[in-house]
Amino acid sequence: MMDEKAIIAQRIALELQDGDLVNLGIGIPTIVADYLDPAKHVVFQSENGIIGLGPLAEGPSDLVNAGGVGATIVEGGAFFDSAMSFSIIRGGHVDVTVLGALEVDSEGSLASWIIPGKKVPGMGGAMDLVVGAKKVIVAMTHTNKGIPKILSRCRLPLTAYREVNLIVTEMAVIEVHPDGLHLTEVHPDYTVEQVVQATEAPLHVDRVVPMKGVAC
Amino acid sequence: MMDEKAIIAQRIALELQDGDLVNLGIGIPTIVADYLDPAKHVVFQSENGIIGLGPLAEGPSDLVNAGGVGATIVEGGAFFDSAMSFSIIRGGHVDVTVLGALEVDSEGSLASWIIPGKKVPGMGGAMDLVVGAKKVIVAMTHTNKGIPKILSRCRLPLTAYREVNLIVTEMAVIEVHPDGLHLTEVHPDYTVEQVVQATEAPLHVDRVVPMKGVAC
Amino acid sequence: MKGFIDKSRFQSMLHDGMTVMIGGFLANGSPERLITAVLETPVKDLTVICNDGGFEDRGAGRLIVAGRVKKLIASHIGTNPTAGRLMQEGKMEIVLVPQGTLAERIRARGAGLGGILTPTGMNTIVAEGKTVLPVNGKDYLLEEPLGADLALIGGAIADRYGNLAYRGTMRNFNPLIAMASSIAVADPVETVAVLDPERIVTPYPLVDYVLKEENGQ
Amino acid sequence: MKGFIDKSRFQSMLHDGMTVMIGGFLANGSPERLITAVLETPVKDLTVICNDGGFEDRGAGRLIVAGRVKKLIASHIGTNPTAGRLMQEGKMEIVLVPQGTLAERIRARGAGLGGILTPTGMNTIVAEGKTVLPVNGKDYLLEEPLGADLALIGGAIADRYGNLAYRGTMRNFNPLIAMASSIAVADPVETVAVLDPERIVTPYPLVDYVLKEENGQ
């Protein structure tokens, strides 16, 4: 059986379209690239200054990904500075950004960068990415050890207000619409009822299908 | 005898210091480069995207100066886009800009880009250059066929308010100070009285010397 | 990059009244083949955003002379006497923008900014009707972003992915307009196999179409 | 460019309480030799502006661990646990800025702008205390320029004029800080005779000093 991260990454890979310019965040989002249909020509942007980010590199490198890990550039790729990188991001030139979150809510707001008094890693490029990318996909486990992370309203300080389009967890795929969250796919290991139980936010459940791309 | 343009250009060339980054406008300012002491290492910036502008080139060219005329780049020079070019200009990285004007006034304001209802060439890069450069030198004939161009207050729409540091004409060198204009040098062909007569703005004349660099 | 296209495909993107950004500085780095292609169609009432009015026979100036431009946004029109005449006769609207402000306004659109604060134009007629904001005791003009339906990019060296570098001073406004328009079309002066990643100025995901070389049409 | 200098000349430019911008992204493209040179002096109470807190043994993080930083302005400190601890203990002030906003604020200073309007951070605690301006019906945050006394530039390929290009992803914030500081010092990873004019990112009039190669000291 696939682990949670693999389920999430594999499902998100289906969302990426031929020709898309995509920014993948640290953690689960990074492994989305591993599940991509090789027939699709997807280009990866990395906020530290690359279009055409390739596979990880072994050993020390002058070229790192946004996690600081040695990486490569594919043919046709380009390097640029951070102002250009965020012009590309903020200017709406990135088709899809995939990133993790601590909380997401009914309105499509998300929290991901600070737990006041406890952990303050900082927002890095996440605030710009979610505001700028055409499509924002949150990749995260459905709950934090049983405690729901998909809420009616985020409790932690926001990364951005009303910017998330899709939430993909190991249990489900949830679309964000103006009228709230729509549960559209459920992983075969779970029932709709289990997903609703694990979700604090109300879910529209009128058109649920099994999670796409999952080998049963 | 030197013509008016040559007198002005030759005198301004003395103002440029070793290591200066300099932008020369169209017209008289362009020929300042011809009078530069070869021992001085002055670097020319051109707002169409060069640092290290060299002499004019013969025949068609992929490289032009800000007047659209074929030019060259010197060793060590660089090309960049218009946003970078004006970042350099507006950001205070240009040491000296030399440009023409229709009018300059007692406060150091200048007018150079529009004669309403008559001629409207546009400001091009002049407004940014005079606001951004550390030192602004106006190069122009002292009068327009006898009509003063150095005024108490500009009458034409301004290019910038209080940005000019030095005015060099075929008759004189005039410094702009908070208390007004100071006549500091007079060309040997003219008297202080003639300069005062040809100038509408009041001039402080307490420390006038012959124009520097002029062979008598 | 959606693909290399021929002239007729480009012409199908044109429509009356659209806003077009055109690269080049006094016709250096202008997309001459694309301008010719526009002139072969009957398209009119264009709003053109360009550094300058070009010349009557080169650059964006050709569209002005042909009467296709309803409104011109530029920093300078002194090299195109027809532009001045059309303005005086009320046949073409001209908005003059300081060159550095024009560059930043176009960049702002491409970068997703709501505007920039510049000292340029303060206390001049350029400031009329605009918001003035003090920052750290100095006044600045708020200048808003400027975008277009279509960008016509010249002066480029294109590779087969559609990446663009530029040659000499032909870079000027070309990389800026590429990012500020709904559709960006490049008219390269040269094509190569693959550009050095360190040399690319406009990465190919920011380019929509590249006009084929003459012999490729 | 005023010249190629040795370490001691660089150290003479340092003083307590100064504001220092440091290039690099998670220590990729960080000016490690300059950071070591700072650590060899007793300079303290620095305000450091950097993309991130680096690592405890690499990049700007070394200055943090050594207790030299009074205030850190960065987008992320998650890779340097000491930074978080010093903040919790009240020993170091940290101002977190979204990465794209940080880049634009530094660029704004270098470009002589009074600020930029960005949608990033709207309706978050980043917006607290800041001016919100509507442009064309959308709200933006006014973000002010950010400058420094000194810029420490890494990741550069320098030529003998002092022109800088950068290698791979080591470009990041380096070209931005070069323009936003009173004094810009480069710590190149490589030196060449003369760089291609099309490849230069930071032209030499924007660079004040270049640290000599080890064998040149």
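Chains: A, B, C and D, in written order; residue numbering restarts at 1 for each.
The rule is short, and it goes like this: a residue touches a chain if its C-beta (ideal position, glycine included) is under 8 Å from a C-beta of that chain, and two chains touch if they have at least 3 such contacts.
As the structure is a prediction and not an experimental result, all values here were calculated from the model.
Taking the CA centroid of chain A as reference, the farthest chain centroid is that of B. Counted by C-beta pairs in contact, the busier of B-D and A-D is A-D.
Computed centre separation for the pair chain A/chain C is 35 angstrom, with centres defined by C-alpha atoms.
Taking each chain's centre as the mean of its C-alpha atoms, chain A lies 29 Å from chain D.
In whole angstrom, the spacing between the mean C-alpha positions of chain C and chain D is 33.
Across the assembly, chain B contributes residues 73, 79-80, 83, 86, 89-90, 131-132 that each touch 2 or more other chains.
Contact of a single residue of chain C with at least two other chains is seen at positions 104, 107, 111-113, 118-119, 166-167, 198.
Shown here, the protein chains touch in an arrangement that is not a line, ring, star or fully connected set.
Every pair of chains in contact is given here: A-C, A-D, B-C, B-D, C-D.
Within the complex formed with chain D, the chain B residues making contact are 19, 21, 43, 45, 51-52, 73, 75-80, 83, 86-93, 131-132. Against chain D, the residues of chain A that register as touching in their complex are 46-50, 61-64, 66-68, 73, 79-83, 85-86, 89-90, 109, 113-114, 119-128, 131-132, 157-161. The residues of chain D lying in touch with chain C in their complex are 104, 108, 111-119, 131, 133, 135-136, 138, 140, 142, 144-145, 165-168, 198-199.
Only residues 25-28, 51-52, 74-79, 84, 87, 94, 96, 98-104, 106-107, 118-126, 155, 166-176, 189, 201 of chain C touch chain B when the two sit together in their complex.
Listing the residues of chain D that touch chain B in their complex gives 2, 107, 109-113, 159, 161, 163, 179, 194-195, 197-198, 200, 203-206.
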